[in-house]
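In the two complexes below, subunit A is the common chain; its partner is subunit B in one and subunit C in the other.
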Partner chain A sequence: MREISIIRISSFLTVASLILPGPASAHLVTTGMGPVYDGIGHLLLTPEDLVPALALALFAGLRGAVAGRRAMFLLPLAWIMGGVVGSKLNVTSAFPIPALSFLLLGGLIAADLYMPAAAFTLLSILVGLVHGFLNGVALNEGAGLLGLIGITTMLFILVTLVSASVVSLKRPWTRVAVRVAGSWIVATGMLMIGWAMR
Partner chain B sequence: MKGEKKRFFQIFLVWTLLFCPVTAFAHVKGGEVIGLISGLKHPISGLDHVLAMIAVGLWGAQLGPPAIWLLPVTLPMVMALGGMLGLMGVPVPSIEIAIAVSAMVLGVMVLIEARPKLWLAVLIVASYAIYHGYAHGTELPPGGNGLLYSIGFVMMTGTLHATGILIGLIHRWLAGRMALRLAGACIAMAGVMFLWRAIL
Partner chain C sequence: MRCFWLILLTGVFVLATGATAWAHESQPGTLELRQVSNDRYEVTWRAPIYFGQPHPARIELPGHWNTVVEPTMRLLPDSQVFRRIVTVGGQGVEGSIIRFPGLEHTITDIFVRLNRLDGTTMTAVARPSKPYAQLRGERTWSTTAVEYIGLGFHHILQGVDHLLFVLGLLLIVRGRMLLLKTITAFTIAHSITLAIATLGYAHAPLPPLNAAIALSILFLGPEIVRSWRGETSWTIRAPWVVAFLFGLLHGFGFASGLSTTGMPKAELPLALLFFNVGVELGQLVFVFTALSLVRSFKVLGVRWPRLVEALPGYTVGGLGAYWTIQRTVMLLGYLK
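What follows is the complex of A and B.
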């Protein structure tokens, strides 16, 4: 009888430990190397954020060195500001908001559209605020503000490298290649909307 | 006593299996690899798609600037529009027939080295691109990530198109021009075969 009660207790403990749920790793990539690296990993592995950041860098590069310099500082700054606001709120949207960034930025690249400096500044801030806000909401349950610092650091590096590379392109066909990349980004944005409406 | 123990273990085993939990990765993204790989593979999984996309590149190379860069910028966007229509459930009739006809028409364009006005060339390519996009856009395997699938298929379609343009660069030599026309003839004949299959 005593033997059975021991078995019962141990089996109860076993079942109880099996029922314990695993971690709810909502939205974020966990690197195991701390929140800053989680943030870096999140940006690099999340196309919804990575592609618009690269797209803005490509467009900045097409618009020249001045636009490139603006983007490399304004985008991360706006991103972190949006992130701080987002981390205080818990807003979700069924509509894939990043799809709009894909369409807008990809369209601007594909058309190689001239844009006045003020409008470009506004665009960089807007993209940074929106995506930073979305990141901030996601980071609420994970890496927190340190994760946001990781994201913005990586953003600065990416935007600097990509926009500088595009500025340095001299041959006409290389600019066409950048515009083709823009059309790919628009195409992906259209499909994102399609997936959302499915 | 022994029977009671056995029964207890049986019940214990069943309950343990029932309660065996799956880690609750709430909202975490999944199917990234499946999505991207499927997207990359889909445009090259059918010869009809491959030939049509390469034909667009060959034709663009024959037409020269500005078509050579206008077509690769336009094509992915119109294809995605087709994909979006498919995803939204808008019915588009006779997809397979239209894809077969696209290979046929584009092959003929390369064969005769047609030089229509730019808007007409773009219109011809765009109208067929909608059907190709429609076919690609709706075929995400279960569990795959939709965004990465889309990125994969747009990238691979663009790569096929670029391959066509690169091959088409032989157009600068006389022998190259003849070879391109021959390739156009082959693509048109393949299109006839696809059409035959689609109708039957």
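What follows is the complex of A and C.
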């Protein structure tokens, strides 16, 4: 129940921060290899999107193979849906929304928190929708739907590889290492918020 | 069953129509600057035909360069060639920046070469992420290496037909040792023909070459189905031989991404070596990602529906068939 409350609060904060107006600063990477590769390059070179995706994959891996399977399908699916909506609405936020994902997902990894399947499903969809929405706004300026397809393809690959790697970890210290990575993600999120509020 | 074929045909059609552009060999453009007197240069700009249209990129010469002989344009089957004479004044060409507005929205690389009267040369590459070239002195070998590795890497990742052939091989091969032999055979074979074509010992015209490459992909389709059914064939038993033979064809295809016209002879072996390194790196990334994904699906216990499991194989066969027909039609048009 406590876990679901965390998600509800963070959902509220995320949606609220999306509504706040602000200048659009996101842009897409130009790889010179076409819009699909521009999308792939965008994901790989944008820590604000890459880290939450990896964090969700790490958390899914800690929760086991079933969570890994959910994340690998739900996150890209929600991301592309959010992206399509974002490309139509063009709403931007001055608040560093990805920082909330850093805090939430990093915290979940560091705490190695048990999460019911329904809550994990909701979390995957939420992260995908929010980050996809932000990408959709950025995609208006360049790569369009093909760029979004590139992003979601790369997401599918990354989430699959990372969550499977964590699932296959056998030694206890390796799980601790993953949790330490989660604490770093939280720290980065706090720095991002501090930087935005300075 | 009817539903299955409907989904399959739709999928292949969607993929094929989308992949038409992807399978297209990305031809580089070239800009040659030949010094004809102290302050006079002949500028030859070859803009490749871009998906059937004139290339969207144009050339923007530095402000202090003056055109003294108006540009002429010659239309070739695969490109437009613009030629003009310019004077560069007292400032010379050193440090000048040549821009290519419009290049940033394409997938074309442009080789820029400067041939001076004293016999020295300079080369640079402009690409969509850096749509300009600065002319300055001699470049270090490491700069050249990085540029050509990037070109090779880009070329293989853009060549969906080459990657699809490798995917077809991965679907047929069983066992690590056989996989290693097959990928090595493909690598050796395409390196041989890439070198032969780049060094100018042999040349394969693009239309029949592209049709033959498409045929090599189509060839793998039925072999993949045989492999699923547990049947055997010469290709399944010795895939490395097939990889070697078709690899020779694909090497000629890779050579189309490495324009050598006017390239200084001293730079040619280096360019060839590092372009090939880039191609191999791209191929390794693809193979490693594909194998890692298969392993990850096993770890996560993913059970694909039969249709989805068969999709990669049918994609190889379907696209191979589509490209073979499309490129054969183009070849017939070319022969006429």
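Note that in this section the second predicted complex is superposed on the first by the 172 of 198 C-alpha atoms of A that agree within 3 Å, B and C clash if a C-alpha of one lies under 4 Å from a C-alpha of the other, contacts with A are read in each partner's own complex, and residues count from 1 in each chain.
Everything that follows uses one rule, which is that a contact is a pair of C-beta atoms (placed from the backbone, for glycine too) under 8 Å apart; a residue touches a chain by one contact, two chains touch by 3 or more.
Just so it is clear, the structure is predicted and the values come from calculations on it, not from any experiment.
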Which superposed partner A:48 touches (first subunit B, second subunit C, both, neither): first
Touching partner for A:133 - first (subunit B), second (subunit C), both, neither: neither
A:69 touches, of subunit B and subunit C: first, second, both or neither? second
Touching partner for A:120 - first (subunit B), second (subunit C), both, neither: neither
Touched partner set for A:110, first subunit B, second subunit C, both or neither: first
Contacts of A:59 with subunit B and subunit C, given as first, second, both or neither: neither
Partner chain(s) touched by A:191 [first = subunit B, second = subunit C, both, neither]: first
Common interface positions of subunit A, toward subunit B and toward subunit C: none
Interfacial residue positions of subunit C with respect to subunit A in the complex: 22, 104, 106-109, 127-129, 154, 157-158, 289, 292-293, 295-297, 299-302
Residues on subunit A engaged by subunit C in the complex (per definition of touch): 30-34, 37, 65, 68-69, 72, 157, 160-161, 163-165, 167-168
In the complex, subunit A residues that touch subunit B: 4, 7-8, 11, 14-15, 18-28, 45-48, 51, 110, 173, 176, 179-180, 182-184, 186-195, 197-198
Footprint of subunit A on subunit B - complex, ascending: 4-5, 8, 12, 15-16, 19-29, 32, 69, 72-77, 79-81, 83-89, 137, 146-148, 150-151, 154-155, 158
